[in-house]
Amino acid sequence: MTHTFYVYGSYGFAALVTVAVTLWTWADGRARRNELAALEASGIRRRSTRAKDGE
Amino acid sequence: MTALLLRDLRLSIRAGGGALIGVLFFLTVVAVIPFGVGPDLALLSRIGPAIVWIGALLAALLGLDRLFQAERDDGSLDLMLMQETPLVLTVLVKCLAHWVATSLPLVIASPLLGLFMNMSETAIGATMLTLLVGSPAITFIGAVGAAVAVALPRGGLLVSILVLPLTIPVLIFGVSATYAAVEEPSPFLPPFLILVALTLFFAVIGPAAAALALRNTSD
Amino acid sequence: MTALLLRDLRLSIRAGGGALIGVLFFLTVVAVIPFGVGPDLALLSRIGPAIVWIGALLAALLGLDRLFQAERDDGSLDLMLMQETPLVLTVLVKCLAHWVATSLPLVIASPLLGLFMNMSETAIGATMLTLLVGSPAITFIGAVGAAVAVALPRGGLLVSILVLPLTIPVLIFGVSATYAAVEEPSPFLPPFLILVALTLFFAVIGPAAAALALRNTSD
Amino acid sequence: MHLAAANLAARRGEDLIFEGVSFRLESGEALVLTGKNGSGKSTLLRVVAGLLHQERGSVSFTDAQGNTLRRVGEISHYLGHRNAMKSELTVAENLDFWRRFLGQTHTAVSIDEAAEAVGLGGITHLPFGYLSAGQQRRFAFAKLLITYRPVWILDEPTAALDASGDHLFAELVEAHRRKGGIVLAATHQPLGLAEAQELRMAGFSHSGPGVWE
Amino acid sequence: MHLAAANLAARRGEDLIFEGVSFRLESGEALVLTGKNGSGKSTLLRVVAGLLHQERGSVSFTDAQGNTLRRVGEISHYLGHRNAMKSELTVAENLDFWRRFLGQTHTAVSIDEAAEAVGLGGITHLPFGYLSAGQQRRFAFAKLLITYRPVWILDEPTAALDASGDHLFAELVEAHRRKGGIVLAATHQPLGLAEAQELRMAGFSHSGPGVWE
Amino acid sequence: MSETSLAITKFSDLANPTRFLALAARILPWMAGFTALCFIMGLYLSFTTEGDYQQGETVRIMYIHVPTAWLAMMGYTIMSLSAIGTLVWRHPLADVSAKAAAPLGAAFTLIALVTGSLWGKPMWGTWWVWDARLTSVFILFLMYLGLIALNRAIDDPSKAARVSAVLILVGFVNIPIIKFSVDWWNTLHQSASVLRLGGPAIDPEFLRPLLVMAVAFTALFFTLHIMAMRNEIWRRRVAAQRRMAARLANREG
């Protein structure tokens, strides 16, 4: 009884899903960070920092 | 609170047509199933209780998603939320009204459906009894979904999805109690008592959770 | 008119997650069935097509009754009635949007459901085909009911009496065409063609009747 | 170009609400309906818009070329008690839908301009349901600007508007009239329109016998 | 007996709409909220009625015996933009339901008297949906009379009312105040109330940072 | 008013979003490293241990199936705890935690379902049966998807969180059903042999890789969860700043 297909199928599928979720989470984080940077660049800043700058 | 019960019943007759829609939906389902299983009367009578229960479950969903949405749309919900009477009680009464308007007719019609499905007298009686005892649980669970639907502009399917899985235990014990009544070796009482327990459990949990959801979604 | 289609689709997505919802709803309904009838695979595969069709009916019923009521409640219906574009067309497009949003996902998901119900390839294909062809008919019939519901605010009962019985022929021919495809002796084409005819018939009658009802709304 | 109603009568339920109502509005003119609650203002507007069947009489619109149209609704904007906007969609989506549904016209303004015109530029990305009552009413009014229609039928247009909103509304109506438009409005508050005709509705007319009498 | 709010702040979506709102109303006093569209009048009323959670601050009601109640909603009538009546039921059925649901009080008037008081005696047998906008609003107001509650929270109560309706409304509110009631109303039109305090709402307060920033 | 003073008056000062971000930035590299290490060890162990005399090679599926099945349930439990945080303390981080956990839970549930199916075909001779354990896990999967859909359908995040929280809590009844379904309804599926009263009843030969893999998957879950929470906080921050920008533009213009 080897059932190689089922064993590697399981490991393959698990790897696929975990890698996909990891990549997606990471890419999402990058996109958000870029958005924040873009907002910062366009001069919109967090109110707290704005207040500290005395604006 | 009787005022609320009466109003909701009156509304369901005037507006939603609650009482009939369940029974009609049900007849439609029953009209279709024989095509699936073929004219095999024995088989039909075997799956009869299950079909009646599934029909009741699905029929309870019709209209349930708008239980509180209609109240929100005309502003009544605001007044109910402000009221001293515990919100849980209000929810309970609304559930009751909905049950009387949609599920009770089904319970009453179930002997007729049983005849259509070629079920034996015992099976019909057992189905009716388990439906009577178990169907309120479905309404109570549905009320949670309906309360959540208030936060959604249009509830509908999403609510049913969230709610249906929770009704599965009710279905399981309802059907198995019915079968237990018909098939000799298995005892009727244990699953039936579990069914009663489930209904009581959800009669507490359902309105409480629904009230919680309503309190948290009002804006 | 594409504007209306897009808006209605967008609304259905905003309100409840869109295409995914239909599939999820359906999966939930199907997941409930085995609990009722038991995990008997042979039986499941036999009643499979009927269950898929009943699910489609239920999905169409949920939300369909508010097709025009929602438009009336916020006043959009008035503007639509005043418009030059034939009202029939508007109704047709709204039906189409409702069908795309709720029935089409079911059609697309039906192979998956077929697998769950342990149906054969032929049965799955036939179910998908008959659903694709037949489910619009249910939407069109429902539209008449929805329009009547607007015209007669107290006509709730009437709507269910009107709509559900009319869907029975569609359901019956849909299911029997599916079984004809699977079981050898009975020919597939006759019931299938009747189904097509029914859909075409209701595609004409439904929107026309709905438009007529809307034009005659009491206020 | 003119809008004319002749000898209109309308029924609500079993009762005649009014009868013998006639008016004629030339290009640039406005008619303000006043009267007590329940006197039939909304009913008259809905009859003119074609949303309610009149019992007797007729409404017609004659354009600059002299063509006469019976279905006045088709060339009218109607602003009822309800705003005809979906609270799930953003303001921009709502307006864009109506613009496309009602048919684009080259003389109309863009959505952003319309929002600007009702004093709410910059928040068209918000869902309509998130707005306050007055903001919703203002955007419902913006709907009249995004496609051009010669006749405006307005039912209590300034309900929920603040003072600056009232002012803005009067200006927009005047601009429409200057362009040759016709305005028909029901109201309880002074609308601030110059030289508007006024029609006082009196409610339940009992002079004519009903159908059953 | 008094109604007091201390340092209230409320959020809509993610934004603070107002903060630091305080007032104190003794028995017989009235507070009128004014301000531009979208300035937070309705929001404040909903916070006081307990329909919206405040972000900070507190509202409390102290009755004649000196007992303090935090859930002000329980002793208040709230009249929002919507009328809280079912259009399928008759006016009498609607009012009767609310009277029983809100709890009968011996100081309150009967349904017919309430209908009379809002100037619409004799049509309580009609379905609510058959009434004109102003008639509906009047009956929504009648709801405040059928059970006695010391605090009235009114959001644009006179919207859709005609001149006689405005007058009638002012009289009913004055009568309530004479009996020692407290009134809180948001409005764009002068309500004709004697010696009412006024609170001008300004809209979005920007002083405090949001949670996410 | 400075940010910290608000945080201290309103929330327990342990967890305001800004502080959470700082903490996350510090511990995430360590967690990622630990996860990778565990996986290397776990995978090595699972491919070097003996096959079962009964199940043969397929027993190796267990090292994935069982940890992911546990995590599927744990993910939901974490969501339920967050839901309590949302409803009782109205804590914004709890909202974020629940929302971030849903897709992760769904992913692990999917893995458990698919590996279970892949195990079932050789063992039971069928991909799928409607037995209580399998169906209740399937329902868990549906509930994850439903909750994700619900969260997307409501666009006010704090309202969405409160609404979902109620449903999450009601749906928690499913977790004991999953756990005890094998005992309540005698079915095809294995009953608990590790997580049970009286200690594990499983050969240490299999227990060792199983436990290492379980630790690895758990570490992965928490790493991803913290990352997803951080993303969500950033997302809300972006939205808040955009709104403010729009409002300022509106005011100046």
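We just call them A, B, C, D, E and F in the order they show up, numbering each chain from 1.
Heads up, the rule we're going with is that contacts are C-beta pairs under 8 Å (C-beta built on N, C-alpha and C of every residue); 3 or more make two chains touch, one makes a residue touch a chain.
Just so we're on the same page, UniProt names per chain: A = Heme exporter protein D; B, C = Heme exporter protein B; D, E = Heme exporter subunit ATP-binding component of ABC superfamily; F = Heme exporter protein C.
Only a predicted model underlies this, so the values are computations on that prediction, with no experimental measurement involved.
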item	value
Steps in the shortest chain-to-chain touch route ending at subunit F and beginning at subunit B	1
Same-residue or different-residue interface between subunit B and subunit C, half as cut-off	same
By count of C-beta pairs in contact, the leading pair of chains	B-C
Centroid spacing, where centroids are CA-atom means, of subunit B and subunit E in whole angstrom	37
Centre distance in Å when subunit B and subunit C are each reduced to the mean of their C-alpha atoms	23
Where subunit C and subunit E are represented by their mean Cα positions, the distance between them in whole Å	44
Centre-to-centre distance between subunit F and subunit D (centres being mean Cα positions), rounded to whole Å	55
In subunit B, residues with contacts to at least two other chains	14-15, 73, 152-154, 158, 161, 165, 168, 219
Of all residues in subunit A, the ones touching two or more other chains	46-48, 51
Interface hub residues of subunit D, defined as touching at least two other chains	12, 81, 86-88
Contacting residues of subunit D [partner subunit E, same complex]	12-13, 35-39, 41-42, 81, 130-135, 137-138, 156, 159-165, 188-189
Footprint of subunit B on subunit E - complex, ascending	12, 46, 49-52, 73-74, 76, 78, 80-89, 93, 96-98, 100-103
Contact set on subunit C toward subunit D in their complex	2-4, 6-7, 10-11, 14-15, 73-76, 78-84, 219
Complex contacts: residues of subunit B adjacent to subunit C	12-21, 24-25, 27-29, 31-33, 35-38, 43, 47, 50-51, 53-54, 57-58, 61-62, 65-66, 73, 152-158, 160-161, 164-165, 167-168, 171-172, 175
List of subunit F residues in touch with subunit E within their complex	1, 3, 6, 16-17, 90, 92, 156-158, 233, 236-237, 239-241, 243, 247
